[in-house]
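I have placed the structure first, in the form of structure tokens, so that the comments after it can refer back to it.
When the chains are written out, they are named A, B, C and D in that same order, and each has its own residue count from 1.
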């Protein structure tokens, strides 16, 4: 068993455990959402959760290896699994942001915030911003891109709004992408963003600079 | 032990596990709600959860076999159990929609959405619609029918609004029915509908085409 | 060991399990709330949860036997335990309503509903009313009484508003009392009331007859 | 093994268990929040949760001993652990209020209440105030101080608003500090405050004396 295969099994177990956690939080309802980990950089290879399954019940084998285009590579341990259609955007984010893990969840507060502030969700003067690796007095704008079924269109839109200091993007009327150096950091940033979106939705209406 | 009896035990175990999941989510409070699986088509036989029990504590035996009218058949393993009064609507849905499983839950967001949009809850341009087997840019209307204690009246109302492309109907001031080819698909659709109703209730007021 | 002592142990175990369930639901925060079961009718004896303890961590021994005035009887297995100050109201409800179990929880939605409708929370045309033992088209008014630290004053106020058909009363700016023939029925009614109060708070503002 | 070392291990286990509880409640998202227990008074020594870790996954060793300035003392069992930057405020509260335990959580309802009532959150005529050790008819004002990254500034602001009868302070746009004689009392007070803030946010807008 090669080193890479072991890494894939470890990635699969981590992705399954994290998916179950997110499913319990209501972020991966139905079969929605997908998570990925970067297995290697050159050439780019990601382990991404398989499509069409209940995210609360994944096993370590419910994972597919994809390339920089999000296409399943031919020679892999679980050839029968189908990668998520959104694997292409995961790969773009991993390449552009240098992320070690990417989380895509259908977080309701993120979609509602994008609905209210379609030009980007502005967050400032909030201690929780430190959970994104920012200063509490930074002005942080979480960008919003339009939804698309074409992953190249979505990927291009992501690259246009990408700011290396802000590890998240909302896809309007769809969901949230968050990334980090590893899956735990991506989880922590996702949790902090939920708090921030809920705060903005409840309190933001009284702040002049949000429009 | 006949093949049908084994299938009934399997159905009972699956229905009990799913009921416990839905009870934890607050969708089957008190003794409310009921779930069914289609055991055979000709003649139609459904396994439906027994009436009057805590849906978080069902066992595999807390299930009754009913016919196309929702009446308990005379010869069955658990003759002491009483079928839910709503079994008649389950049977109508199973016959009309060809469903393999029907979920009836007292989901608050569904009842609130029907209260706000009594002519039907219109959903469009939302990625989560794919969880119902629709395109994200379809215009999907979840129909609303008036509540009734007469299952024939309810069943007739259901058939009048039934659209094969939309696997759900809301009974006003009562609850939600969702169906699918099996219990897992019905669960996934139910979860996606909760997200969609919550989105519509929070964001829908600003959309012109919802009235 | 007498028959009564065994019944008390069984009651203590049931009350501890139910308290843990309600604590998880956020209905018994801090050390708030208390539950009781009627042990005998003549003279009236109740098993009531002990005061000042975390309701998520009770044991079967954290229970006190009280009389019709809510006072701890002298000769009992756990003489060191202190009964809740509210035991007096439990006893009044058990006597007046003939209840086998009384639940007192600090349910936020009940207190908010009483704040909005201080003359009583009117509920009608809702299927969930059947969970209270009523018809869905009954007009059910959950009465509201002012808060008091004097259990005789509270008990008198309860008796003035008591309607045998409505197994609940809200104490304004305080919490909810619900009762039933046993602890499971009281639980089911409490769960249904939460749904009804949440519905009324979210949808009730548009209904003419609520004021 | 000295007596103090054993106390630290016990404190570490209690702090880890309590952190896991609070993380499940959504009060310690990402790596936010921190808890402390007073180990000795003269000189003041606190056991405080280590910085940068997932608060749902702490072990008994993820704890640091700090002095009255919140600085890690040189000779301790876990010298590799870094104390939270906020340990300085924990120490000020322990010294000023004589607290045996201090809880700091990023409770959304507390931050929203401080946003709405920046001069202090006024609570009155609510039974739940008894959970803070107050009478139900006391007028209790939970003070609000501005956020700062300088723990001396924060500590000075805390001392200016400190009222021995009110065991909590909100740091605006940041989170909540609550204290008590031990960790369980601090937990109970924190739970009661969440109920009180949620009540005030939902019902308070109609009360004249809140502005």
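The criterion applied here is as follows: contacts are C-beta pairs under 8 Å (C-beta built on N, C-alpha and C of every residue); 3 or more make two chains touch, one makes a residue touch a chain.
Worth saying up front: this structure is predicted, and the values here are computed from it rather than measured.
For chain D, the chain whose average C-alpha position is most distant is B. Centroid to centroid, with C-alpha atoms defining each point, chain A and chain D lie 32 Å apart. Once the centre of each chain is set as its mean CA position, chain A and chain C turn out to be 45 Å apart. Chain contacts: chain B has no residue touching two or more partner chains. According to the touch criterion at the top of this document, the contacting chain pairs are A-B, A-D, B-C, C-D. In the complex of the two chains, the chain C residues touching chain B come out as 125-128, 131, 136, 184, 187-189, 191-192, 194-195, 198-199, 202-203, 206. For chain C in complex with chain D, the touching residues are 26, 29-32, 54, 106, 108, 111-112, 115-116, 147, 149, 171, 173-175.
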